[in-house]
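Both complexes shown next keep subunit A, but they swap its partner, so subunit B is in the first and subunit C is in the second.
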Partner chain A sequence: MNVALAKTTTGAVLDGTFAAARGRLPGVGTVAETRQQAFDDFARTGLPTRRIEEWKYTDLRNLLRDVAPLAPTPDQAALAQAAKLVEGLGTGDTQKLVIVDGVFAAGLSDLTSGGGVTVHALSAMLDDATSATRADLLRSRVADPMIALNAAFATDGMLIDIADDAAPSRPLHIVHVATRPSVAAFTRSLVRIGNRARVTLVESFVAAEAAKAYQAHDVAVIWIGDDSDLQHVRVMEDAGDAANIATAIVTVGARTKFNTFSLTTGGGVSRYQSFITLAGEDSELLTNSVHLLRDKQHGDCTFVIDHAAPNCLSREVFRSVLDDRAHSVFQGRINVHQVAQKTDGKMMSRSLLLSDEAEIDNKPELEIFADDVQCGHGATIGALDDSLLFYLRARGLPEKAAQALLIQAFVGEALESIASDDLRDVAISAAERWLESRA
Partner chain B sequence: MTALLEVKDLQVRVDDREILHGLTMTVNGGEVHAIMGPNGSGKSTLSHVIAGKPGYEVTGGEILFKGEDLLEMEPDERAAKGVFLAFQYPVEIPGVTTMNFLRTAVNAQRKARGEDEYLVPDFLRKVREVAASLNIPMDMLKRGVNVGFSGGEKKRNEVLQMALFQPSLCILDEMDSGLDIDALRVAADGVNALRSPDRAMVVITHYQRLLNYIVPDVVHVMSQGRVVKSGGKELALELEATGYAQYEEVAA
Partner chain C sequence: MAAVQETVDRVRQIDVDQYRYGFETIIESEKAPKGLSEDTVRYISAKKNEPAWMLEWRLEAYRRWLTMEEPKWARVEYPKIDFQDIYYYSAPKPKKTIGSIDEIDPEILETYKKLGIPLREIEALEGVVRPEGERKIAVDAVFDSVSVATTFQKELKQAGVIFMPISEAIREHPELVKQYLGTVVPTSDNFYATLNSAVFSDGSFVYVPPGVRCPMELSTYFRINERNTGQFERTLIIADKGAYVSYLEGCTAPQRDENQLHAAVVELVTLDDAEIKYSTVQNWYPGNSEGKGGIYNFVTKRGDCRGDNSKISWTQVETGSAITWKYPSCILRGDNSRGEFYSIAISNGYQQVDSGTKMIHLGKNTTSRIISKGIAAGKSQNTYRGLVTAHRKATNARNFTACDSLLIGDQCGAHTVPYIEAKNASTLFEHEATTSKISEDVLFYCIQRGLSQEEAVGLVVNGFVKDVLQQLPMEFAVEAQKLISISLEGSVG
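Let's turn to the complex of A and B:
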């Protein structure tokens, strides 16, 4: 039944979009075959609906209607706009890798390799006919219609390799810039981090003034070796009527620390789904996700965490501040494999509803096959405390300023989890921009 | 000369119950007034209505502050104009450091009055000076507002704010509740240091004890939503001896 519906609504239209785009997509031979397979996988369901359990609260067929046509290759004007936006990011000294409307912009990027860091554009690697494994760049271990769609259409992205023992002095920083209205960009980046490496990876999503009602589809596949440390910060400030559908697929080795922070203030429809496998013993995963949403924004934060090795710790904290008719979704799933004894996994969702019409859906799931584990989940939902607001107002703070201070306090703990001062400031400024735009 | 605070025939309801049935009092600059009365006489309601706490419906009368209609102002406007309520139970605000809160509040008030914001070094110097006089260690100011503070520390934090904001009207709502004698003395010394010819204080309390430390010029006895008797500081001593029972009959 789903299949028929997909074909008659979005599927048929997309067939045309895919056929039209195919000529422009990098990679020939096995890559093209892989794309076709991925597209066929996607077409079996089409855009996911609420009838697919994993997408129950984010019915993309309803929210997106269809997939927008592929964005054209950026021209000089688009690149100039992007340059300005990149300059204004304020992220301090990072190694910037800029993708404009889904296409790697070499002129705006710093491709310096060295110190154990190697960086390539995905398109170049897909086109490299001498590589026998280039089609693997589009494959992933997670079956999901939007990951498949991304594999079919991915135009570009970054391929980053961090050697064993490397500790790049500057954070690697992938910047996604949207400059055009009503088009879709598909990006895919792969990051391989060796053993005993210490890395900071930043991802920013920003939009130029003219970019409205566009779609950003992104997948990041990350492997982290043993005894390593990855600090990850993602700030999504796409246009308020844009869509951002993104996936992270992360495999974590042994005795490794992975600390990931994400802030979502943009996007009319967004989903950030992370599939994280703790594949080696004694590793530690910390996730802090923050949604600051208003109007009719819909944001979805989904985690699937696999404890596939013993003695690992995972902590997921999700915080949402929702105004107007905003809708936030938190899905947290922890799978504890039979071998993963001594797992310590906990997740928490805290929501602050600023309006009667705001909505939060929490869906925690625990699936435990080991017998010696500690797992838990919790959720709180509340409004701003009237007695705190009055106290602040009685001390001279106008209503919006009093609310802003309490909201800052609410998200402050998540921001504290960012180790780098520069990056924390970037997240704080993004949150402040959101607060100021309320006033 | 315009009185600092004039409450005229004030009638206030909460939900459907009238709490104040026509309360009248006048406070001039430089004066310290004490309001005493049994539980439920409307003392705290009066302080909340003056500060602008939501949830109270004023059905009659008026409150003038320096001749201006206070009831028309938002709570933050009242604060900027110089009204300060020291809370009976100061709230805890986790995640907002006391220092950040103080600076935000001072600057919000200054901005509302069209004054320049404090420069950080000037502000820090001022806070340090006042905190020292109140025995408030600086590391307490780095913690969340009132988070983990003892009863005495919370009240000293209220006095600290009073000293920083320099309001012209201070209302102290049962400042003595939850304080031992030593803590009470420190807080009261802080308050007394702020007495000045152009600042008035309204001290709300059940007990005469507080008035040994903060000596009032005028004492009002409230019962069942009205001021039933006003007098000098000796009235407080009299009350301590006789209790409130006689006034409850008068009001009834």
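Let's turn to the complex of A and C:
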């Protein structure tokens, strides 16, 4: 059969890629073993196809065809390009941790530790032969082919520890920069947040002019302790023909607040999958995601929220605006375990189609094993309201401006969720850039 | 929390062994040998005196089936079915040709009486004068696999409506059957539909000619009776241009230890301006309190709004079966066509329900509406799985979906798996789903007004399913309401 054939070809090519890359991948001994295991796990399925239910709408074998070869270590020119891009980010005063083509760039980063914050490069930790647990850095609780692939190839990333009671004054900011065409970068970051800590974490994905058709594969594993607060903002502005396949695996303690926002305007093929477990009682989770897509962009936003403890609240908001032949996917799942009584979960997905050729696929799932819960989800799909457009045009606004105003209002609810003024402005200006380029 | 505790106790108390319709009627019957092979298919076809083209059709399906695998994606678990350990055909032994209802095996008639569904014609034969203008129902009673009695034939004939067992239709109206059979659910559609195509024993055939409004509600009562007999019903309903028909299907089955397989196929076709309303009350044996036994209900139901301005409406009340795997769907092909799906799915004991619908918008200005109410109690799993999709050319497609689940007890699960796909900017889809338990406040309010706990819960559940019950034809609504209270007996009054 075709499917089997495609898989073996991809597999064989990748086998070679993995063998070739091994010398460059940090970590020997148990780390190398873990990588091999992860690669074998991946090779069993290969790139996910629509036959795998979780990837039904994002058939990577069709969209990516193949995993690109590993990006070379950045040279001076690449680092100079990256420095320029980081400067232009406009995110205000943040502690920047820069990763260029999958390799941590110490020269561009601010490694100031103190105030309860400790930062390390992942590659150094993987190479640290004295650590008995270094292989755990590549393990995760979620089984997924793309997470396995990341574990096999991860070259670098950040390991951030935030002590109990810490409240860093500046947001931590991981910046992913791509500078080269047709290569793949594999990054993995781990963030451990103690009890009673207050943290803001920002992730940006940007690309240099010359970076085309590259692939960014990222995994972030985050643990949040009890009575803590994490504000998370992710802005993905990769090149329009690049691929960005990213995963967040988050474990939330008791009485903790986790507010995560993500904006996707870049990437030809992108998927951001979050697996969030509410493991402690009385915690609160807010997720807000926005897709602004055009041309032939394909964006996938997948959330799996596990209510594993009683009395937690979760709110998911998804907004997508699609132009041209863009394709957006929202898969949201709320699992309520039997112990998670008094769960209050809500999920709302709204999509705006600006073109007859755009496509939106929604799959909001509820899976409930406890009886004393309030769960709901809603999904709407529609076009811009003609009467509203008419009203604005009658007031003298040109058509595009009227549309822009309505789109802004449409995504506004999600953008408003960002607590920090500076970061909200960053997201709003990214959205405005998208709207302006439409005109 | 007192109310919750009480509800939980109640659920424990109720014993699904108390299945009201769990009795067995002993009648001589004629069976095909156990197991499935080309010979079985030939045997069934020969029993039915089928023409050669029909046998060929069946054999093709059978060969196709051999290459297929059982679907695994539904949220249901059951031991592997041994398809060679099933009787594929069983017919009550014909004593003689049946001329009138009097000649029907009295035991069979007794069974229907126990079900509380006396054939209306019995009354007529006994000279009971029915008030003028009262609605009538024609019953095509399926007792095991053969239609035993078809009533009201004359009146239907006058209107030009063809309502007969499909086995007869194959002989008497081969042109109609050939034209439509398998055009909505192709023989290769899915594992169980293909199996059905190979071995279907009987079912109903309805053809309503152009411009005719069927003068009465058509109805079939299904009974699974003979031990180890799979039931493979095949129903085909065609509403020609401007026609209207309302069809009722009701099911009960006697208590059994072994699991019984039921894989029916229902095909509906509406041409221009036609409408079909299809209602089901399903109350097969759900298994005993340990989850043993019970019917496996793997059904493929699909309607094709082939003509412009046509309409298909599915209404179902699902209370029985150990496993339900059923997705009545509408293909909205004609411009301005409309599809509707109203469902109440109640699961208790160890029942597993995975049901929902598909609304496939292909034509322009097509609209659809889905109202699904799931109630899970005991240790059951209740899943809504649905698809709403708008094709690129389906301009102005509209859908409204509301699926609500109610949980009674903390051992059960309620799941919602909707797929919503739009490929057209003029699409307007709205979807909402909620899961909750009965609000303590509402119960408290009712009890304050003097209702007992049980009455209060009953009131709330009735309110919860009201939207769907309203869609049922009068005759069925009463039965359905009874069923709901039986199914949840003890748990919600």
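What we mean here is this: the second predicted complex is superposed on the first by the 432 of 439 C-alpha atoms of A that agree within 3 Å, B and C clash if a C-alpha of one lies under 4 Å from a C-alpha of the other, contacts with A are read in each partner's own complex, and residues count from 1 in each chain.
Heads up, the rule we're going with is that a contact is a pair of C-beta atoms (placed from the backbone, for glycine too) under 8 Å apart; a residue touches a chain by one contact, two chains touch by 3 or more.
Keep in mind that what you see is a predicted model, and the values were worked out from it rather than measured.
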So in the superposed three-chain picture, is A:409 touching just subunit B, just subunit C, both, or none of them (first/second/both/neither)? first
Is A:394 in contact with subunit B, with subunit C, with both, or with neither (first, second, both, neither)? first
Now for A:15: first (subunit B), second (subunit C), both, or neither, which partner does it touch? neither
Compare subunit B and subunit C by how many residues of subunit A each one touches, and report the one with more. C
Mind working out whether A:53 is in touch with subunit B, subunit C, both or neither, as first, second, both or neither? second
Check whether A:87 is in contact with subunit B, with subunit C, with both or with neither, and answer first, second, both or neither. neither
Is A:376 in contact with subunit B, with subunit C, with both, or with neither (first, second, both, neither)? second
When the two structures are overlaid on chain A, which partner does A:360 contact: first (subunit B), second (subunit C), both, or neither? second
Of the two partner chains, subunit B (first) and subunit C (second), which one does A:33 touch, if any: first, second, both, or neither? neither
Which residues would you name on subunit A as touching subunit B in one complex and subunit C in the other? none
Mind listing the subunit A positions that touch subunit C in their complex? 53, 338, 341, 351, 353-383
Touching subunit B in the complex, subunit A uses residues 385-388, 390-399, 401-402, 405-406, 408-410, 412-413
Subunit C residues touching subunit A - in the complex, by the definition given at the top: 4, 73, 392, 405, 407-410, 412-437
Within the complex, subunit A is touched by subunit B residues 51-54, 74-76, 78-80, 84-85, 87, 90-91, 93-96, 101, 104-106, 108-109, 112, 144, 161, 165
